[in-house]
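Per-chain numbering from 1; labels A, B, C, D and E assigned in written order.
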Amino acid sequence: MRQSAGPTLERTDEADTYYLNMGPQHPSMHGVLRLLLKLRGEEIVTCEPVIGYAHRAHEKMAENRNYIMFIPNTSRVDYLSGMIYNIAFCQAIEKLCSIEVPERAEVIRIIACELNRIQSHLLWFGTFLLDLGGITPFLYCFDDREEILDILDRVTGSRLTYAYGRFGGVTMDVDQDFLVRTLAFVKRIRSRFPMYEKLVGENVIFRERCEGVGVITPEVARQYGVSGPTLRASGIGYDVRRAEPYGGYDRFDFEIPTRTAGDCMARFEVRMAEMEQSCRIIEQAVAAMPEGPIGPKKLVQRLKPPEGMFYFAVESARGHFGQYILSDGSNTPLKLKMRTPSFSNLSAMETVLEGTMVADTIAIVGSIDIVMPEIDR
Amino acid sequence: MTLAARTVHGFHTLLTGLGVTFKQIFKRNVTLQYPHEKPELSKAYRSLIKLKRFDELDSHDCVACMQCVKICPSACITIEGGKVDGIKRKRATLFEVDFALCSVCGLCIDVCPTDTLEYSRLYDEAGYERAWTYDLLAEFREEEPAFRERQRVQEEQEAAEKEAKRLAAEQAKAAKEAQASKPPDAPEGTT
Amino acid sequence: MTIHMWLLFALALFCMGLYATLVRRNLIAILIGIELMLNAASINFMAFNKFVASDPVVGQIIVLFIIGLAAAEVAIALSIVLAVYREHANIDVSDLEELKG
Amino acid sequence: MPTTLIEQFGNPAIAIATGVGGVMTVLSLNALFLIWLERKVSAWIQRRMGPMEVGFHGVFQTIADMLKLLGKQLITPKGIDKPLYHLAPIVVFAPVVAATSLLPFSKSVAISNIDIGLVLIFVFGGFAVVGIFMAGWGSNNKYALLGAMRSVAQNISYEIPLILSALAVVLMVSAVGREVPIDGEIVALNGLNLAHITMAQVHWTWFILVQPVAALIYFISVLAETNRAPFDIPEAESELVAGFHTEYSGMRFALFFFAEFSNMFIGAMVATVLFLGGWEGPILPGPVWFFLKTYALIFIMMWVRWTYPRLRFDQLMTFCWAILIPLSILNLLVTALVIKVVQS
Amino acid sequence: MIAGGLIVMLTIAGALIAIAQGNIVRAIFGLGVALAGVALAFLALGSPFVAAMEVLIYIGGITVAMVFAVMLSSAGRKEPAAPISRHLMAGLIALAFFVGVAIVITGAEFASPSEPASEAAWSVAELGRHLLNRFNVVFEALSVVLLLAIIGAIAIARRDEPEEVAP
């Protein structure tokens, strides 16, 4: 059969079906995800995500170095919300070792994290459209995203993998110019939302591709531990920032946007609404920026954490990011386990993708916003 | 909505989309023509670390304390040094950074006790080899003997000053002690 | 080329189609044979049309009719192929014995 | 009436050689220009600059790319169906040359003038489908096969509204009933002759004005026939990598690319003839008008491509069968009725 | 004459591939070549319009539909070779038919029309006029047949569960 010319449609155990390997090298697979699709024509019979192609053993690395030496690793777990992960690790250690954080540092962190969240959503928006075949919105998003990266670059010196957080504060203070530019950006992105809405949100082709596609029911979402915007699009308004406030989020007034449809369109709307909410938080934070130190004068290096187990969660751009630290009282964690949102979101795909078409796979996998390094770690 | 109404509405949204992209044609470009134009580096720009030149020393002040070597997560810093002949101040004799390994986290800068590390403005780095080691002492190497000489002279001076001070203090102390140990004589005027 | 040559050419094509129809067992291969035979007939019509008929329209219309019929026939035949395949996972005619009396 | 090459040269062999040479030159120049234009249009829309390095504003970028493709290794995958795989680019490309030779660029410049030119255009359009199938089947690649199947289903479906909307124009040409002197004798215009269709639209009586629906349907179908976004499903890179030409590299790939851009060119040219009055226009000479209109259409095609996301395959089919085909049939019926009423 | 010879060779070569090739997809492409030859023959016989229709419907439609069916049904597998007896029998029948009819053809005399048809009689316009006047019944019958064929094809190929029909 192999000898005969042409790609023989390999018979699987079921008649009329064949396997298609989508990825790990494939133009639309974010990073190196491999989807083993069993197809009937273009319809998916079963879908099996195969992961592990970007495994870099971050968790193992954490066991072999001091707490502080793990800081640069954190942004690389999820390079799209690197700031959130970076700060989250510092916040976890601060809570573990009861380190005080000055108020100014907290507010700076919140601004940086929310900018990072907008940046991540913008990139998702662009790549999602790219998956659906619309190339231009991708570049418009990158135009806006560049602005955020420039702003963050001013204080962190990096554009993607920030090592901005330190235990008890941040590395560099923000200046007036930073605040001015941040506010200008908020104004700019607000003026861009109507354009995105016109170009994409209302576009009939986009709506046709998204509405009713890839519905994740609340039950499935609960079953697989789906979190973040993907969960909120299914009608469950769970957000760590609201459910277990951390890092001073309880001081700010913002909403948790939810939708009930659970389809790609709902996920799109939730993320767009979240960007607006992040803008609100940023505005309040800039207005409430206190004076004061931004961290301890001397680098906190040697930690004496209490023995035992510890869990700390934050809301990353993709959902519930938790860190489980097993400490033996030394300066090195015995075990650092990360609960990453993309992993749980992706595991729901097996159920969700069944019975959809190949083209929908792209839309659905694109819409849950996965970052492969975060899954593989 | 009927099919006809949906079709008409669909076409309308498509035309709106075309309008949006058409407007963009006449807007300013946002890209830089990279090799010809270069972006402005931010003031916090992170790149390869370098040794800061202190005005009062006219040289770096790395004392080879190995703090940065110990904290570096990527183990990309190699330092040798310590006590050098002739002067008291500890000096680094070798300071190499393998930039291929460095993740520019800045922990070495934060931990440096003499604050002699800072980020350089090294930009568009590219190369054909994996080894990417920078010798941070290169710019200081030639002037190192001069620095040591200066330092030696200064230290000698300081030592001499200190010695003089010590001597002076000793003399003063001795004088004081001598005064104290002297039997209380009657003032001259009174005798 | 004379009319005789055209007719012989058409005859050769027809016989090849006939041979394929008799030998092959794959439904689609048989269909190919039938198409060859139909085309041979069309060539005949066109040849007579050019050399013999006084009104050149008639032959052309008949050929157009044949082409149209062939399209219809192929549509039906292929749908049968698909239906048979779905039932038997095979389109070998010698395996189709259910219609035997 | 355009004089054809055969009339000018007398000898058909020389005429054919000149014709093919001329067509190839036009097509090559056009492809070079179109690829550059595509990059520039996308860049303008996306607020970038596009190619800027090779030549003034990158005008020679395409030539540089061509040279690069020429120098690339021709990779022949394992397990392919050799004859089909190797023939496919040629089968895709050859009809393009043939179809271009049918078009009347101006009153005096045309390579051929055939009474059933319009029919032949569609014939050659149908030919390309076979080549795409050969490429998809011969490549021994599932993505290529899926791409080919999608492509063929799409091309066959969209041929129907394409032809039906063109038929409305054919009806109009005979309904206009204009009689023009050609070579000294008065001839009634023939709706299937491309030059005659152009001549039926003199003095700004462009058919887009009387047949806007047909023009719209025709334009959409051309987008689909040439696999342009939002109908670029056969080669949807985010789903099928590169569709039917996934396994082609170097010059073979270049030939597919060349054919794609040339098809776009032909689609726009035919639309110009059918709806925009071909070479007709004031002041400027015929060919200038002809190419101006053609490139304006091509610009719109590019503009559309860089604006929309892609449809899903079943939506594409539904759009064709549930909206375009009924609409085009309706349009044809209304056209026929109106003509009948006006004539009686 | 040379052109005629080329056309015959092309057609016969295509037909040979079509009937002898075990790989069904190649056989279909062989059929495509043969059909292209037939279309050229029509051109040589004076009717470009019919030639165009032959290409449009046969090559652009029928062969493509066949390949499509092959892909949908995995019919591309090599069929087992037929027994030699079957080849012999079929060959004999075909040969006998060829020889018999060839004798008749070579022996036959065909009367040429008294006056050759005018150029205008070959035109597409004339063809269309006849199709809608004199041969109106043929035209209508064809349309009915095609409609029935479409309905029939859909009815046969439709899966049991209601789904959208493949075009």
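Everything below uses one rule, namely that a residue touches a chain if its C-beta (ideal position, glycine included) is under 8 Å from a C-beta of that chain, and two chains touch if they have at least 3 such contacts.
Computed from a predicted structure; not experimentally measured.
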Those chains which touch subunit B and also touch subunit A: D
Which of C-E and B-D has more C-beta pairs touching across its chains: C-E
Farthest-lying chain, centroid of Cα atoms versus that of subunit E: B
Rounded Å distance, subunit A centre to subunit D centre (Cα mean): 44
Separation of mean Cα positions, subunit D and subunit C [Å, integer]: 33
Between subunit E and subunit D, distance of the C-alpha-averaged centres to the nearest whole Å: 27
Approximate Å spacing (C-alpha centroids) for the pair subunit A, subunit C: 62
Residues of subunit E touching at least two other chains: 23, 25-26, 49, 53, 61, 68, 71-72, 74
Overlap residues in subunit D, where contacts from two or more other chains coincide: 45-48, 81, 84, 137, 145, 306-308, 314
Two or more partner chains touched - positions in subunit C: 86, 89
Residues on subunit A engaged by subunit B in the complex (per definition of touch): 65-66, 68-73, 76, 136, 140, 143, 146, 150, 153-158, 161, 163, 166, 171-172, 195, 198-200, 202-205, 299, 301
Residue ranges of subunit B touching subunit D (in the complex, touch as defined): 3, 7, 14, 17-18, 20-22, 24-25, 27-31, 33
In the complex, subunit A residues that touch subunit D: 2-3, 5-7, 9, 18, 20, 26-28, 42, 129-136, 139-140, 143, 199-200, 203, 205-206, 208-209, 357-362
Touching residues on subunit D, where the partner in the complex is subunit A: 42, 45-48, 79-82, 84, 137-146, 229-230, 232-233, 236-241, 306-315
Complex contact set, residues of subunit C against subunit E: 1, 3-9, 11-20, 22-29, 31-33, 35-36, 39, 42-43, 46-58, 60-61, 63-65, 67-76, 78-83, 85-86, 89, 91-92
